[in-house]
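First subunit A sits with subunit B, and in the next complex the same chain sits with subunit C.
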Partner chain A sequence: MERVLKIENLRTYFHMDEGVARAVDGVSLSVEKKRTLGLVGESGCGKSITALSILRLVPSPPGRIAGGSITLAGEDILSLPEVRMRDIRGKLASMIFQEPMTSLNPVFTIGNQVEEAVRMHTQMTGKGARRIALEYLAKVGIPAAHERMGQYPHQLSGGMKQRVMIAMALCLKPALLIADEPTTALDVTIQAGILRLMKDMQEETESAILLITHDLGVIAEMADDVAVMYAGKIVETGPCEEIFTSFLHPYTEGLFQSLPGRTPRGQKLYTIAGNVPSALQFQKACCRFNPRCPLAIERCRVEEPPLVVIGPAHRCACWVRAGEGPL
Partner chain B sequence: MMLEVKDLKMYFPIKRGLLRRTIGYVEAVDGVSFSIDRGETLGLVGESGCGKTTVGKCVVRLLRPTGGSILSDGHDIASLSTKALKAYRRKTQMVFQDPFGSLNPRMTVSDIIAEGPVIMGEGRSEERVSELLDIVGLSKEAGSRYPHEFSGGQRQRIGIARAVAVNPSFLVCDEPVSALDVSIQAQIINLLEDLQSKLSLSYLFVAHDLSVVRHIADRISVMYIGQVMEEAPTEELFAHPLHPYTQALFSSIPSLDPRMRRGLNPIPGEPPSPVDPPPGCRFASRCPKVTPQCREGKIGYVNVADRHWVRCVLCY
Partner chain C sequence: MAESHLHIAIKRIRKEKLAVAGFCVICLFALIALLDTVPAPYRDAGGMHFNRTVLDTLFQKPVERSYSPPLARTATLNRKEFTLKSTHVLGTNILGEDVLYDALKGVRTAFIIGIVPLIIASFFAVVFGLLAGYYGGWVDDVIQYVYQVLSSIPGILLLIAMLTVMERGIWQLCIALGVTSWVGLCRLIRGETLKVKNMEYVEAARALGASDGHLLFRQILPNVMYLVIIEMTLDFSGLVMSEAVLTYIGVGVEPGTGSWGRMILSADRELPNGIWWNLTGASIFLFLLVLAFNLFADVLRDALDPRLRKG
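Entry: the complex of A and B
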């Protein structure tokens, strides 16, 4: 299998007046061609910062990629000059964001914006770029794409805008598509259409997808593999089916148990005690979940658990559940 | 019957031009009826723009409805003046979606919670404030702090404490958990359920997340473009959804089991505009089972089973 993205021990820190926020602290993951990796976690766990790091879009200062390596289609992203990054963004890897309302430029027509992506990265101009833009707008299911090309973002509904974003992101067949909460702002019925479209388009462009979401339903529908993030670290990772049926980490367990759909009516929902910590409060040399963990033992408070192999491709970082791994 | 809403209508005028002449109406809510018993929870679901929040706002009379009646313990409050509403406000309170925008950043938490009883003329009691903080699971010390010092889930607890401070019997919860993380969402749902049994509250629970509504609601009303398409007891609705819109809505929810991937089936087309909506069934333009009859005249409700109502010609 062809590996498109490989992140190793990525650390992205923010230097604030209040101290250093270790938003991403030692994350490793990889995505293969035509496959979808779901990155799950609650707000503030560092999943979006991981995505921005891949495209080197972390606002700096205060942000800084403090260490680790990112290899995207053979390119060592962290050592490239900024000029080269402009070629990579949009061509090798592109991104769609949560807010389709604010990620399109309100003063340009949508046709213009999709064309721009083509013109920036290929030799094509005028007619050629226009043809590709039209082709992709039609492919993503914009009705009467030819007329719609001349319209401005405010004339489109939220779902349609997200379709335009997808057309823009995929018209150059990037090796990697990063989708950061692509359907969170949309209704379920619109979400269904967008998810379906992402899958169909993946078949065609053969892109790898890094799908970031907090919605486990979206993950169940879309992902081949899953990585669960908590407080800047990956706590559990494995094939989608295995994570859903035999999750091991107490945090993953908490996420699943607290879903209202899994608890019968009239019964109390399982809750994870406490609150999601802010990145400034992430502690060192311990399991970061220990203050909220019902299973925490002394070791969890003083030593960080490693991500150990507990099954084929299934790894988990927990002293109680996974320990030091099979010897 | 605690609350009975009959044929509620809320039309917003569209004004254009120099003289701001009314050129048409957005029919945000067009003939919605439901009733809620003491201690009961009615879930109101639908996509954004279907009018569910407007229904909630009419029920607490933040909006004055264009037509229809809202009977609270037998009294119609739909057209009462703001002054006459004070007594009703004691009975009915609201919890808002956005825990960041709905708390005054310049007031301390105890000021926020004490404000309601003060307005009702009960005076301020620090004892009552700390009792309320305790009920919603916040520490006493929280009272002297400001909203920005709290996380989303804690702010929602403050919003709930404010709502129950005047001892209401009815709460309109407008998407109270949709801005929260999964693990925090569960805490707030549990809190709302606890309060319901402790204070024997009735809820109108407005939400778009069907799994949350399925958990908390006794009965569910499904709205589409200003009208209720189907209403049934929760389990009945999930077992036998009869309206094609309800069916489409349910089939677009991703299952939580990767082995059961159904391949999502999006509803074709886009919803019609609530400005000058089409006659007949408002779902007709997207309905897979549409018949010529659907596009004509008024579609009434059919009672298909105990407390199960459907607005669809196929069920006649």
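Entry: the complex of A and C
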């Protein structure tokens, strides 16, 4: 299988007045062609920063990619000059954001904006760009696309806007699509439609998708593989089905238990005690989940667990559940 | 359905009767200014001359020997009554010049003073404001330093200094007014750029591979442009009126250029003699233009502001 994205030991730090925030601290993951990797975790665990790092969009200063490597379709992203990077964004890898309501420029028509996305990377003239824009707007299910092209973002619903964003992101058939919580801001009824659309479009463009979400329902529907992230690190990763049926890490377990459907009616919903620590307070040399972990032992407080191989593609970092190596 | 900005804006403005009236008045004034720009060649004993405009040939009246009230047939000089050479709708001033003609000559000056400095000031404000807001860091520091120094010098002093260095004339006045009045707008644009550059659509455009230039001028500029329009509509009236003030302190347009300011100022010699029509004529013209502009601008602003636009 063709590997589109490979991240190894990525570390993205923010140098603040209060100290260094290690928002992403040693993340490794890879996505293959036509496959979808779901990146799950609570707010503030570093999911979005990982995504921004791939496109080198981390605001700098204060942000800085401190180490590791990112290989996207054979290109070593971290060593490219900025000019080359602009070619890659939108053409090799593009991104859909969480807020469709504000992701389109309010003063231009949607047709104009999709055309602009096409024209930014091709030598295409107005007419050619227009044709592609129209084609993709129709493909993402905008009814009466021809008339809609002349409309402004405020004339479209949230779901429609997200469809336009998808058209903009995919009109040049990028190898990788990064979707940062693409359905979080949408109604549940519309969510399903958008997710299906992303799957259909993936068939067509053969893109790999890196799907960032905190919604395990979305993961179940979309992802082939899952990576669970906590406090800047991957704690468990594996094929979607395996993670859903035989998760190991106590944090993954906590996430599943927190799903409303798991708790009998009338009882209080389960929550993982405490919060994700601020990135400034991530400690070194321990399991970062230990203060919230019900299973924590002494070793969790003094030594960091490695990501050990559990199954063919299943890896987990936990002293209690995974230990030092294969069982 | 698919309608351009302009279409929607025009539709909106047409609904407002006062704005339409204002627009008509502005058009009338603009026509006068235009007539005062187009030369009307004429031939006399000395050959061809090009220094008269169409307006001159239409409205210029012979200078009388004394002042006369509106529509008077006769006037008095040294207690002797005499017949005027022609009828003066708004009378003649203390020097015997036709007030209507003077007022009409002031229209072109008013338009130039109201518009040209705004274009100059907007250019500076947009370029510096965008750069300062977008790049931040030392670029921002330098630009802020420049405009803080500029704004700490009393504007009128700076104007007088500039006009003293340059030759006196309407275009020099425009440059001086433009260069001294961009600071306020620049601050606004810088602030708005700081806000807009963090909007998701800018981030989204960057994620699609947009360059800095594209982000600045295609994504951010259109979203701060409403500030320029608002500033222009607010400042136009002020600039037209500032011409009067500058004329008063002796740094206005050169003599020989039409000027409502000079007409109003001659009131200090005229009012004691009961000559009210010169002051009134100039004031009515000034008032009409400013009012018409404000009525129109108010609606135009709303119509063009994308953030106020509704489906």
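As a working rule, the second predicted complex is superposed on the first by the 323 of 327 C-alpha atoms of A that agree within 3 Å, B and C clash if a C-alpha of one lies under 4 Å from a C-alpha of the other, contacts with A are read in each partner's own complex, and residues count from 1 in each chain.
Everything that follows uses one rule, which is that a residue touches a chain if its C-beta (ideal position, glycine included) is under 8 Å from a C-beta of that chain, and two chains touch if they have at least 3 such contacts.
Computed from a prediction, not measured in an experiment: that's the story for all the values here.
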Worksheet item: Are subunit B and subunit C a fit on subunit A, or do they clash, once the structures share the same frame?
Response: fit
Discussion item. Contact-wise, after the overlay, does A:311 reach subunit B, subunit C, both or neither (first, second, both, neither)?
Written reply: neither
Practice prompt. Identify which of subunit B and subunit C touches the larger number of residues of subunit A.
Written response: B
Practice prompt. Report for A:91: first if it touches subunit B alone, second if subunit C alone, otherwise both or neither.
Written response: second
Worksheet item: Where does A:74 make contact in the superposed view: on subunit B (first), on subunit C (second), on both, or on neither?
Response: neither
Item to complete: For A:106, select first, second, both or neither according to whether it touches subunit B, subunit C, the two together, or no partner.
Response: second
Worksheet item: In the superposed arrangement, does A:155 touch subunit B (first), subunit C (second), both or neither?
Response: second
Item to complete: Name the contact category of A:220: first (subunit B only), second (subunit C only), both, or neither.
Response: first
Item to complete: Quick one: the Cα-centre angle at subunit A between subunit B and subunit C, nearest 10 degrees, please.
Response: 80
Worksheet item: In the superposed arrangement, does A:19 touch subunit B (first), subunit C (second), both or neither?
Response: neither
Worksheet entry | Superposed arrangement (fit on chain A Cα atoms) - minimum subunit B/subunit C Cα distance in Å | 9
Worksheet entry | Common interface residues of subunit A - those touching subunit B in one complex and subunit C in the other | none
Worksheet entry | Interface residues, subunit A side, partner subunit C - complex | 55, 57, 86-91, 94-95, 97, 99, 102-109, 116-117, 120-121, 147, 149-152, 154-155, 165, 168-169
Practice prompt. Can you check the complex and tell me which residues of subunit C touch subunit A?
Written response: 1-3, 5, 199-201, 203-211, 214, 218-219, 222-223, 306-307, 309-311
Worksheet item: Can you list the subunit B residues touching subunit A in their complex?
Response: 47-48, 151, 153-154, 181-187, 189-190, 193, 208, 210-212, 214-216, 234-235, 248-249, 251-259, 261, 263-267, 270
Fill in: Sites on subunit A touched by subunit B in the complex
42-43, 157, 159-160, 187-193, 195-196, 214-221, 223, 240-241, 244-245, 254-255, 258-263, 265, 268-272, 275-276
